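Just dropping this structure here.
We call the chains A, B, C and D, going by the order they appear; numbering starts again at 1 in every chain.
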């Protein structure tokens, strides 16, 4: 499903080189649920961005869903992304659309038949506990609600692979537990999951394999 | 899907709100100016044709020819290149014309003991003859006729005509180019604005792997819609201005350009203007997309 | 602080990049069109004045007066309202003029036994006399002179002149209004765009309690800068077009409007155009700010 | 310093009424450091927004720094805000400016003399541990770094009152501890602090007074 081989990512900020990822190699099989744990700035987001080709690696090979990711052409990138659901760390909700429209927008853009859209959107919102706020605009949501809306948007598409970048960052512990349950549920239905967090407890809560990042290095692969 | 895309295009326009209105108005003005210029140049072109019809070369004859000689002479001149028509003016006809011209002073002519005016040929020019070279050649050929006493007129008018036409062509190309640039600038500015408003949407589309068509089409449609709206409004504006100002303009145009009637744009020109607006808008939309492509 | 504000304004312009360029170009075109129209109307206005100078009312006298009578008559007519100048044309002068006019046919005049032409007065009109009412009153008064045989000319020219002027005024106001609207639309669109680019900055400014002036001034300055740049470029454009097209246009203008020389915009008009551009830009900037105020 | 008396805030989303704050009354004295604790959606952000008048209360009286906040006029609102430093939950960094410029921008806008700006900016960045990333743009920061940059921007102004809305939301525990230390430090220098978080442990870590919000109600005021 996912295979990284000696991947490096070095950013240049002016003359300064920032090595965000150093020599990362790992493999995730279809159907696995893997937690990516690391402190702020460890490189979690960068790693996920490499997988859906929002960044290109400085060096190394990346294979996702059978595609040689760095070698993809524009049209193929779009095809790859259609199979991947991403929960962005900063939610990226469209401010001009309600929660319902935000989720429906992505489905429509991807060509989902019209009559399927409403049930799928409401199903996803119900699962993240936002049904009551479907008509609210992002500015009318608390940050935790926004993160759950972003999660709903990612799972409504029923992706083969779910990349969740700290979907619990702004959630209190009980709600974070609920999100973990949602992710477990999606995983149980057959989606491969890669879940990034800086909270060691959450990483442990899933009782699954955990990859530990420390300043861009993969220091431990446990479980 | 198409419904969705058109819906998105309309949503964009609506969201851009007053700015979209401003952009459409600007497109309207650009296209109206373009159309107005087209109108003016159509009419001036017609005026130029009329002027050509009025240019005459007069060939004064040494003596009044007999009827048979006259026919033969007219035929000979008619066959020359650059000649549209020839008319023979006898001595008495010339005096009649002079009297008409003198009007109040016609008594002068009546007091004459003999008719001092010569017979002449009035030569009208066709398109080839109305160019400076054509006219020069014709004048030379006419002067060389044995019957000719003197050839007068024509040349300066032909020169003016040629100069005026060249000038109109240059001005026309210049103004046309400037207005087209203005229209494109307007549409691109407006579409760029819409693009800024849509930036986040485009990013999400890109990130979830929306097909290129879905990303581009709303912008294209929105640009085309904007252009079409602008064109339709421009045409209405032109019609309104023509209806209001036309009757007042006609006398003036009559005096300065010698045109009897103003012509409005032909139906196919109107359709052309609308097509041009739509394509211009679409082009602007397409361009704007290109700018922020990853 | 002012340095900071101007810096921010320049930064805005730079960030808007191609769009700012497009906006400035559009402002340029609008202002150039405005200036060009001003140029045309200045010249047409001068032509109208020249036309007025050429309008003449001719008073044919019953008989040739003596020198003393002539002076007295000229004085009397000169005193009439609407009269700019009076010239006495004797019988022999009239014949001379006729000969000149006839040119090649002058022999006609030479064969005359007696001079059949009457003496006359040529009356030139001042501004008051060149209106339809003024001219009508003057003609009536001239006809009532005991020396008058017949009064001719003038009236139709005066009518044309009045009609033409009214038309020019209307067209001028119309085009001027349209172009001003276009310029304002352009600047507001461009400034709105800059505003969208700055939205986040404005929000932060608001949230940290920046003084109103600091929020507004960069937008105002940016609009003014844009307008000024547009105006300067518009003037350059006009100068270039005038330098290139002027010499070619003069003969044409000469023939159709009867103007000998084209005049360029006066220095104070140029300054006015620049001021107008700057104020227009500032106005657009100010307007745009108003739209997103909390 | 801060005094709320029977404050209500009810949002209307279409026909639905969302009571974000219900009957809140409390008082914070000058020089206090108060933690505002509550789950996602409890109303923490809404409460802070009332204090710098980004929202008006539906009912009730609010006094901040001696001003009757709901009654302020536009010009006075700006003056009030100049005395309050806010760390926004979503950072609100300007994407077109570097970290240094983001902090300096606010100082310049508020009319800080030119030669004071650079030292103050670097002092603030040093305190949040971002000196090395001064020339990076927000898009080049990890989310935790962005939150620290936002904190630097708020403290560089040396405000009388600091409102920090979950400045540790995207930070791992050790870094969150550092941020708590920074906040303690600022408080020690005389700034009154109101610090919102959904993490009970962090609330406890400050060893100061804590206000507990539950679904918009003030349920406990301890310490």
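Heads up, the rule we're going with is that a contact is a pair of C-beta atoms (placed from the backbone, for glycine too) under 8 Å apart; a residue touches a chain by one contact, two chains touch by 3 or more.
Just so it is clear, the model here is predicted, and its values are computed rather than measured.
Trainee: State which chains count as neighbours of chain A and simultaneously of chain D.
Mentor: The common neighbours do not exist; no chain touches both.
Trainee: Of all the other chains, whose mean CA position lies farthest from chain A?
Mentor: C
Trainee: Chain C to chain D: how many Å between their CA centres?
Mentor: 63
Trainee: What whole-Å value do you get for the distance between chain B and chain C if each is reduced to the mean of its CA atoms?
Mentor: From the centre of chain B to the centre of chain C is 24 Å.
Trainee: Chain A to chain C: how many Å between their CA centres?
Mentor: It comes to 68 Å between the two C-alpha centres.
Trainee: Among the residues of chain A, which are close enough to touch at least two other chains?
Mentor: Expected reply: no residues.
Trainee: Quick check on chain B: which residues sit in contact with 2+ other chains?
Mentor: Nothing qualifies.
Trainee: With chains as vertices and touches as edges, which is it: line, ring, star, complete or other?
Mentor: Basically the chains close up into a ring.
Trainee: Give every touching pair of chains, nothing left out.
Mentor: Result for touching pairs of chains: A-B, A-D, B-C, C-D.
Trainee: If we count contacts the way the header does, which residues on chain A are in touch with chain B in the complex?
Mentor: 52, 54, 74-75, 77-84, 86, 88, 92, 94-96, 105-106, 108-111, 157
Trainee: Any idea which chain A residues touch chain D in the complex?
Mentor: The contact residues of chain A facing chain D are 11, 13-14, 16, 18, 38-41, 45, 89-90, 132-133, 135-136, 140, 142-145, 166, 169-175, 198-200.
Trainee: So in the complex, which bits of chain C are touching chain B?
Mentor: Checking each residue of chain C against chain B gives 18-19, 22-23, 25-26, 29, 33, 60, 98, 104-105, 107-109, 111-114, 116-117, 152, 160, 163-164, 166-167, 170-171, 174, 178, 181-182, 185-186, 188-190, 192-193, 196-197, 241, 245, 248-249, 251-252, 255-257, 291.
Trainee: Considering the complex alone, what residue numbers of chain C touch chain D?
Mentor: Going through chain C, the ones touching chain D are 1, 4, 15, 200-201, 203-205, 207-212, 214, 294.
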